[in-house]
Every structure is written in C-alpha cells, then in structure tokens.
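In the two complexes that follow, chain A is the common piece, with chain B as its partner first and chain C second.
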Partner chain A sequence: MSIFKKFMQFSAVSSMLLLAACGGGGDETASGTEGQADGGSGVVSADIGVISYNSGPGAAYGEAITNGLKLAQEEINAKGEVNINLKIEDSAGEQDQALTAAQKLINSENVTAIIGPTLSTEMNVVGPEADLSGVPIMGTSTTAEGIPQLGEYVFRNSIPEALAIPASLKKAIEAYDVKKVAILYGNDDVLTKSGFDTMKATAEEMGLEILTIETFQKGQSDYNAQLTKIKSLNPDLILASALYNEGAVIMDQARKMGIDVPFVGGNGFNSPEVINIAGDAANGLIVATPWFGEKEDPKVQDFVAKYTEKFGKAPDQFAAQSYDGLYIFAEALKNAGDSDRDAFRDALAEISNFEGILGNFSFDEEGDVVMEPTVLTIKDGKFQEFNE
Partner chain B sequence: MLIEQLINGITLGSIYAIVALGFTLVFGVLGIVNMGHGEIFMFGAFIGVLVTTTFGLPLWLAFLAAIIVTAFMGYLLERFALRPLRNHQGSNHLAPLISTIGVSIFLENLSHHLFGPGNHPFRTPFAEMSIEIGSVTVYLVQIVIFVISLILMAALSFWLGKTKAGKALRAVAENLETASLLGVDTKKYITLTVILASAMGGIAGILVGMAFNAVTPQMGLSMGLKGLAIIILGGMGNVKGAMVGGLILGLAETFIVVYGDSGYRDAIAFIAIIVILLVRPQGLFGQKTSDVRR
Partner chain C sequence: MLAELINPYYLQVGSFMLINIILGISMYITLSTGQLSLANAGFMGIGAYTSALLTIHFSLPIPVGVVIGAIFAGLLGIVVGLPTLRLKGVFLAIVTLGFGEVIRVIFVNWESLTKGSVGLSGIPHMGRELLKTVKELGFEPKMLGLQNNQFIFMAIFLILLVIVIFVIWFFKRQNDSRIGRAFSAIKLDEQAAESMGINITYYKVLAFAQGALLSGFAGALFAHMLGYISPADFAYHKAIDILIFAVLGGSEVIWGPAFGAFFLTLLPEVLRFISEYRYMIYGVIIVVMMVVRPQGLIDLNVVKWIKRKTTRRGLKNGTGN
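For the complex of A and B:
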C-alpha cells in the first residue's frame, strides 16, 4: 500500500514537472497563433475535465449534467471557434472518489480546466486541490455557502442558496401572510444542510416563528413520523431543504396526510421530476431558480427542444447550468486564445454580462454568481412564475 | 397525533418485519446472511411500478408478477451464488456472505441500468383509499401491510412447525448431511427456502412502494441493513423474533421523532439493539444454546 502511494506521489510529481515543461513550450507557440486566431486556422482546442455524480443515489444529477455538457459540446464544436474535448469521470457522489478523479484529470489527463464536481460536499475537497495545482474549476451545481471562496481558481455558475431562498421566501410570505413555519431538512448532505442554515437565518430575520425543525437522511422513504408531527403544529408554510428525489416523496406523503400548506424548497428541490414523482401533490411548491424552461426566450426554447429530442426528457436546472457552464468555458477559451491554465483562469474571471439560457450572468471578484433568480411555483401540475 | 404516529410506527414496523422474515428464513435454514435480500426486495418494488404505473395493469397482477420475478431471482441467487460455494468442501462459511454482497451490488447496478436513477412513483388507486376514524386518517394500505405481515408470520410458523415440508426444512437446518442421509432432498429444500424468502421480499417491495410512493435502486440497501439488525434483535432464524423485532424497530424510529430529535432516528434504533444484545446476546426470542448452527 505504501509503495503504491509512493509511486502515485512520484508519478504525480513527475507529471507535474512534465506539465510545467509543456506549459513553457506551449506559451511560445500560443503567442504565435494568437494573432492568427481570427484567420480561422488557429482553432483553440482544449481538454476539459468533468467530474460528475454518475452512479449511486444521486446519479440523476450526474446524468442531467453530463447530458447538458454533451449537448453544449456538440454545438460549440460545430461552430468551430473553439474545440472542446470532454473527459468525463464519475465521482459516485463520494468525496474520495471525486478527489481521485480530479487528480487523474489534473495530473495524467492534463486538462485545461474542470467542470464539476456535482455536490458541494465534493467541491469542498476537490476545489482546494485544483486551486493548489492551478487548474481552474467551476461547479455548475454547487450551491452551498463558501464554494468560490475556496481559492482563486474555484468558480461556480450555480446560484447560491443564500440568494435563492430569501427571494422565494419573501414572495411566499407576502402572498400567504405567513407567520409560523416548520423546517424539514436532510442532515447528511452539505447542500441541504447549508440550505437549512440559510432558511433558518432568513426565517429568523423575517420574524417568523419556527415551530419545529425536523431532519431526515438520504434515501429514506418514510417521512410520515416527521410529517405527522409537523401537521399537529399547524404551520402556515413548510420550509423543506431537500433534494428533489426526497422532496417529491415528502410532498406526496404530506398531501396524503392532509397537509395543504405551501412548501418552499431550496435549489435541489427544483426539478420537473418533482411533478413526475409527486403528481398533483407537487402543487404549492415554491422555489427560486436561475432556470425556467418555459421562459419565452428563443435561446431557452431552442435548448429545451434540442435537449428533449436528444435525451427523451425535459432538461432540468442541472442540465441547463452545465450547458451554460460549458458555453462560459468556451467563451473564456476563445478570449484566452490558448489552452494554458493560467490564461484560461484570467479569461474566465473576466466573464461578465454573458447571455446564457439562465439569463444575464457575471462573476463577482470572488468567482461567485451575479444573477437575478426567478421565483417559480408549481400550479396545476406545472412550473409557473410566482406572482400573487 | 399519538394514534396517527402509532399507525405510522406499526406500518413501518410491519414492513421491516416482512423484510426480516425473508432474512430469518434463509438464516434459519442455511446459516447464511443473505445480503442480496434487500436488492431482491427493491426489484419487487420496481416490478410493482412497472406493472401498475408503466403498463397500467391492476394491482393483483403486480403482486403476482413481483412474486414470480423475485422467486425466480431467488432461484438464480441460490443456483449461482450459494450452491457452488456449498458444494465446495472446506469453503469458508463467510464465503456465501461475500457472494451475496456481490449479488446485491450487481442487482443495484442492474436496476439502475434498467430503470434509471431517481425515484419512481407508484401510482395505484388502492394507495389513495383511506378511512377516517374521528380525526385520524388510516390508509387501507397501512392496514393491508399490517395484516399481510401477520399472515406471513403465522403461515411461516405453521409451515415450519406443523407440516412435513417444514419438518424436513428444520432437519436440513439441524444438520445437512444427516437430513440428506435420512432421505430429505436437501437441494430441493434449500432452493425452496431461498425462493420463498425472495418472494416475501418481493411482496414487501410492492407494499413499500404503495405505502411511501418511493421506489429507487438504492432502497434495498438501507432496508437490508435494517432487516439484518432486526433478526439479530429478534434472535437469528426466529420467525416470531423477526416480527416482534420489526415492530419494535418501526415504533422506536417513529417515536424518537415524536418525543426526541428526528436526527437520531437511525441511531436510536441501533442503540436499542446494542442494549438488548448486551442483556440478551441471543436476541429476544433466540435460544441460548449455540449448537443450532454449525
């Protein structure tokens, strides 16, 4: 085991040296081609690593994310301005596997930059590693607090919960005259836990009475005990920080039990799958999201049509975010004119007023998102803009 | 609220009990902890989803299909994961445990591949039927689950204790070679046991699908671990122990939410098990002698 470890370390170090050597050589040729980039012959091509949750309980996210990326890749490469090669690795939602995947991409695949990993939990481990190696990394679904603050090379294009939850809660309070709330959250996931922290802080800030705080774990299927307790306390609103798989089942069981108050969910709760799973029980869910598939924007409709045709189901937020994510990368790559990691990082940081399918997007100085979320609610079995 | 929670607890406990019955049957006869049981249970649930939701066929057909498919899976499990190991002289008694873990991983990934990730809704009008008693709503599914678990337990106790086949099965459990010498077709009875246990897992799968409307490829794992905990709690290989253990775990999990903190839901169940095992190492209904199994 220790020999193996040593070998790994050695190979990591040696490949870094190799990389440094390549980087030096690459710079010269790049500066030569930069001038010709407009001429058409100098198409910048780059390997982009992807770390995605492709197997295990959250594989649905990974599937959406890689689908979004593949679609974007196809379109970007067809345009011919840049050529992107995706190297997709599975993290299985595990920190250690995500880290191994990242090390492989950074050291032996020599990727220019990385998209992913899927979960904020994973990003907490992978982000510092990428930052240390000087590889730009962007999460397209990492919405927990403090992700872009992990390092100079860490970015995200997913709207943080801290922005989304207050927006949806504010609208819900105005519409339903909410005074008392119950909170329900998954306590074994960084995303849902950070969502809970935001919910609790926001609810306290807005002077709401928190009747009870209940928890559940990933993969649980019976929420009746928690919901019965919540029902007996009679809240005006339920704040549920859950991923959509659990969230949809929670709503289904709640409605069956006769709980008919609205639910406010976090980012992970926002997916058309909620309607698929819970059916009518999904009515009354309120979420704030950067992504709204019904938006009357030709770009959005075009994406939805293409995605649906290619993959047989409507894209969710995760597909849209990764799709936009790769476009942002392509833009940065074009501006950098080179697949060098540092040049790419600087070009990425300068992205602002990017018009994607999510809306007008910019990075702030920390690499975090600047964007206006839309508040949606499920009504009559579909997502609609919330304006009551 | 107390009565509603009691119903929640009994429902959950009954499901645990049915899963545990499958475990205990295989353990009682073969002395094997079948880690693949949870995944067979999950397949039962998926067959239910396929039949009722995807094809829109009636519920009884779903039960039938699930029983047939899971029974067949039980046969395959015995044929390919257990029998080859049993026939090997000197193979370690842990080997079947590992091979069933392999089966469980294989089945989880297979269902992921076949049915896709994420939750699959279980839509059947039966799951919506309920009766109101005062302010308490009781779903028909909840009653059915409880009744089925009782019937299965009673039938299993009767079958094992009173019928000839049951006697043969107990003889096999006592000593494989002696039973074989006395003219019991051991191969047949072992296969039958695994098939029966698997079919019970399939039934439990459908019941869970209906009760909670949540079917995922991962549902087998946690249920399998709970089932295992229950048979340790109730006494390995004991039918009544599985039933009582299941109900205790279900009620404990529910009432920790009512009176304590829902974050400790899983913890309290396992703490209870540790405590009981400290006091009664053989489990609630287990025999004190350890010569039942080799």
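For the complex of A and C:
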C-alpha cells in the first residue's frame, strides 16, 4: 500500500510541475492564431516555424540560418504582399530536441509551415512527424540522400550532394583529363560519409578508376599516413569528403608532401575558412555550390551588402539558402492566398523557375531541388568560377 | 474536451522524460553498489541497434525487438562486467567510458550492418505501428474524439508510463530485499560485506547487468520513438547526461535519478523562451544545485520529510489510508 501511496505523491507533484511548465506555452498559442486572423485584410499573414541549431558546437550554422531568415522576413514584410511571423526554436543539433521543437511548433504554435531543421539527421526524425501532421517542412541545409522522399510535405531548397558532386567532378574531368582518383573521407560524420557515398557512386558511374579509399576521423590532425599512400598511387585527382576544418589541414599537408593534383570537395568543404587555414595550399580545390557571393548579379550583391551591414560579416551559403528559402515560402504563401497548411503545401510544390539569389530554382515532383549549381575553384587565394 | 487537453507536444516531452527516467534508474542501480559506470550510453546503443535491426530486417513486432534488445544488452553487461568489475572508482569509470566509445566506433565502422555514421532510418515507429494495429481491429481514434497524432502520442505516453511505474516498483521491491541489502552493504564497505559472506562479484555483476539491461531497454524504446538512430546519439556526452540525472537528482534513493531525469528533461523545454541562452542557464542551474546540494536534490531526508508531511496532512483531513 505504501508504495502505491508514494507513487501517487510523486505523480501528483510531477503533474503539477508539468502543468506549471505548460502554462507558458498556452499564451503563445493565442497570439499565434490572432496573427492568422488578420488575413482578411487582404494581406496573407502566416506563422512560420523555424527549427535551427542555435546552441552547441554547430551554433554557427544556426546563427547564419536565422540571420538569413530575419533579413528576408524584414524585406518581405516591408513589401506588404504577405506578412510572415517567424517562430524560432532551437534544436541544439539533437534529434530529440528537434522533435520536441517541431511538436511545439506544430501543436502549440499552430504554424503554417516549418523551415529547418539544420541537420539531415534531425530532418530524418522531424520530417516523418511533420508529414504525418500535414505540416509542410523545408530544409534549407539538409543535403543528405533521401530527405524529400520522407513524405509529401517534406521539401528542401539546399542542393543535395547528389547534384553538387557530379557537377564539380564533371568539370574537373573535362579540364584535367582525369582517369584515376583517390578518395579520402571522414567516416564518423553523417555529412562527410553521405558525401563519400555519392562520390564513390559518381566516380564509378563516370568510369573512373578508384585507386584507394582512405578514411579519417573528426578532429584528426595528422594525415600523413593516408596521404603517403595516395601519393604513391599517383592519382589524377583526389576526392575529399571532409568538413572544411579537417579538409584545409589535409590540403596543407598534401601540398607540403608534393601532391599537387586538384581536390574535389563536398558541401562541407565549401567555406572561405579553407583559404584562411590552408593559405596557398588551398589553391586547386574544386567545389560545386549553390551560393557564390562574388557573382555579378545585382540581387546577390544587394544581399551581401545588406547582410554585411546588418550582421557585421559576409553571408555564407547557409544564410543565403535560408534567405532564399523564406522568399520561396513567401511566394507560395502569396499564391496560396491563405495560411491553410494544405493550400500552402500545394502552392509550395508548384514553385518553379523561382529567381532567387542562388539562381533559378524549381522543385521536382518529390520536393527535391532542380537547379544548376555553380562550380567554384580556389585560385590565387580566392574562390572563382571554374571555367577552363 | 479531452481532445483539446491532449497536446502531442507535451506528450512528446513527457515520453522523453519517461525514457530518461529509465536511463536515470539504470545509472542508479550500478551506483547503488558503489560502482561508477559510464557504459550506459553504449548499452543504450546496443539495445537500440539490436531492436532496430531486428524489426527492420526480420519484421519482428516491436515489443519482441525491444525485449531482445534489452536482453542482449544485459548479456553483454555480464560479459563486460565480469572482467572490468575488478576495477574500482575512477578506473572503472575510465574503462566503461572506453567501452562506450568502442561500441560507438563499431557502429560507425560496421557499415554493412549499421550503415555507419549515416545512421539507421525507417525504424518502425511505436505509435504508428500501434495505430495501424488498432485500425485493423476496427478501432478509430475518432471514436474517442482524438486526432491520429493525439492518439499516437497518448498511447506511447501511457505505455511508457506503465513501464516506468513497473520499473520503479520492481527496483523499490528489490531494494528492500536481500539483494538490495547486499548492494548497499557492498556500497558501504566491500571488505566488510565480503567478510559477512556476501558474494561480491556476483552482486556487482548483477547490478551492472541490470543497469545494462535497463539502458538497452531504454535505448530500444528510444529507437522506436524517433524512428531514426545514428552512432552519434550514443557517444560519451550521452553517458554524461545519464550520469547527471543521477548525480543531480540524488543517487541515494530511486526517486533521486527519476526526479533528476524528469527535471533535466523539462528544463530545456521550459527555458525555450530564452532561445540561444537556454543551455547557458541550464549549466548555471546545474552548477548552483551541485554547490547547494552536493548529495543531489532528493536524498533520504527529503523522502522522509515528504512522507511525514503527507501522512500528517492525511491524518488531519481524514483521507489517510
């Protein structure tokens, strides 16, 4: 009997705490529906939920993403065609946190649609849930295989590796007459591992001879063992699926060792930081990216100027992708004419030939990206468009 | 009325809370023999991967997968426990932390089975499978006036609640039994316990295996709740999270880690309104609490105090039984 009583005490205390904690959430719901109600005045108004990686080791990604979104929101609302209200939630880069954030946005805040989460791993968990609840969700930085295939309500506007790597590899093959390649990748990171899978498949498809496949771990600082082996095999090109911090060190050590063949990198390798870390050794890196800040497009230059003025640093691809992402949402919202989730989903799926700062953008029938990525190379210490 | 009260968000948080309570208790059991093991995250991964792989490849029902996952983790606990439990204190902690990392590296490198660091997706989801089953039996959530997702999370929450109640009940009972007394004798003084005729190795391995079994069980539930797992979920920071449940909540009584898990799962959600700063505040709260109450929030005195308070109130109002 006493056990039962003790349990009752415990559960009474805990449910009281739980109720107290939930009290805060309730108020916000009320304000959320209010925002949607003034859609009658001609301007479509909607709450858009954002799940991003704002605290923890990857907080820089989340910061760039939310900055891009805030800038886009300001501009869109100033135009007055639609009114977007952002509800930003942090996921700390963890699947369970991302899932509770999504549940909060879907059920407590009643958002029309969600942008995010930041990582593909998080999207793997959140996507099916949003799809089940009928909430359109779009990743602006999820590049892994199979993301839009999670459900009818799942979209992305970030160029998947499956689009980026073949593009850069093709140009590199044309320019350097590549026959034999070596592959080097980080096997304990989702992004670099899935990048490697794509690289291997692409290289096989293009009929290249893969001399060796070498792996390394996150945070490794000495790559001489792998590079010595690669050097002895004498490849025409090195495919490196690495994040920029490891990638830059790899290039530095490779150049010192006398390996002067070009490198083709994946999405994680694409950062101006590579030049800062590796200096001259970074010359010869080829990456395909949706985002090129030096492009002579007034829209791009305008965005770079505004972003730099507002946040004190130049935008990276994450900021650019989320900025374009919110514009795509605004366009869909305008076409839907209503903040209803299903109407919005249909309008979103029909987006095609959207002209953003990343270029001409369309969704395919699965909600994946149709877009021509720009291939960049590092030459004379800066990123330039690759045309040889 | 019912339908408005059931918000999947709260139920989701509640479900994570319950899983974390199981993890907290798994830490408590090994701690109750005075051993500091940091292998719980590794065992959690074993349970999660075992159950996920079995349900994906052999289409086993989820409950069977979860039970096999837990048992497998428990057996591994015995195998690992036998040699390592000769070590004590900080050495055991280091060895078990190493074990957890070994498990994670195996998950990363055994790509043909685990898909490496990309992780396993498409794991059958507890709630969705349950919904499918009840629909086949001709039951619709609408009969209760519920949406599909409300029904799903309601069901998950209730199932987990029953499990957690059972787990707490079981280990409360065990604590008051011969085994529990042997555990606390070992915790107080190993040599004295041995001279009293307690088979130390047996009880230490038993506690370690029970902890492993429970972690594996929680891990399997975790896998079927998220539908996706990757090796990074079971890295050392998870082990530390689990340790904090027990340390912050208090490891003297079973309510300690349970409350610790409850509190530390709730805290980040309650702190959502300060967005980027919430983990900073979370850290500050942990530091302050450890300074103020190094023995953990709930210890024997608190339990006695609550008991006294409630019995007295019960007597006054005439509701005590």
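In the analysis below, the second predicted complex is superposed on the first by the 330 of 388 C-alpha atoms of A that agree within 3 Å, B and C clash if a C-alpha of one lies under 4 Å from a C-alpha of the other, contacts with A are read in each partner's own complex, and residues count from 1 in each chain.
To be clear about the criterion, a residue touches a chain if its C-beta (ideal position, glycine included) is under 8 Å from a C-beta of that chain, and two chains touch if they have at least 3 such contacts.
Model, not experiment: these values are computed from the prediction.
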{"item": "Which of chain B and chain C A:128 touches, first, second, both or neither", "value": "second"}
{"item": "Chain B or chain C, by number of chain A residues touched", "value": "C"}
{"item": "First (chain B), second (chain C), both or neither touched by A:187", "value": "both"}
{"item": "Touched partner set for A:59, first chain B, second chain C, both or neither", "value": "both"}
{"item": "Touched partner set for A:197, first chain B, second chain C, both or neither", "value": "second"}
{"item": "Partner chain(s) touched by A:88 [first = chain B, second = chain C, both, neither]", "value": "second"}
{"item": "Which superposed partner A:144 touches (first chain B, second chain C, both, neither)", "value": "second"}
{"item": "Which of chain B and chain C A:100 touches, first, second, both or neither", "value": "second"}
{"item": "Contacts of A:381 with chain B and chain C, given as first, second, both or neither", "value": "neither"}
{"item": "Contact residues common to both interfaces of chain A (with chain B and with chain C)", "value": "55-56, 59, 187"}
{"item": "Residues of chain A defined as touching chain B within the complex", "value": "55-60, 63, 187, 214-217, 219-226, 228-229, 231-232, 245, 248-249, 252-253, 256-258, 273, 276-279"}
{"item": "Sites on chain B touched by chain A in the complex", "value": "1, 4-5, 8-9, 11-12, 109, 112, 116-121, 123, 128, 137, 139, 208, 211-214, 216, 218-219, 221-222, 253-255, 257-258, 261-263, 265-266"}
{"item": "Contact footprint of chain A on chain C as seen in their complex", "value": "7-10, 12-14, 16, 105, 108-109, 116-119, 121, 125, 128, 148-149, 165, 168-169, 172-173, 222, 226-228, 230-233, 255, 258, 262, 266, 268-270, 272-273, 275-276, 278-280, 306-307, 310, 321"}
{"item": "Footprint of chain C on chain A - complex, ascending", "value": "1, 3, 5-7, 9-10, 14, 17-18, 21-22, 24-25, 54-56, 59, 88-90, 92, 95-97, 99-101, 103-104, 106-108, 121, 124-125, 128, 132-133, 144, 146, 187-190, 193-194, 197"}
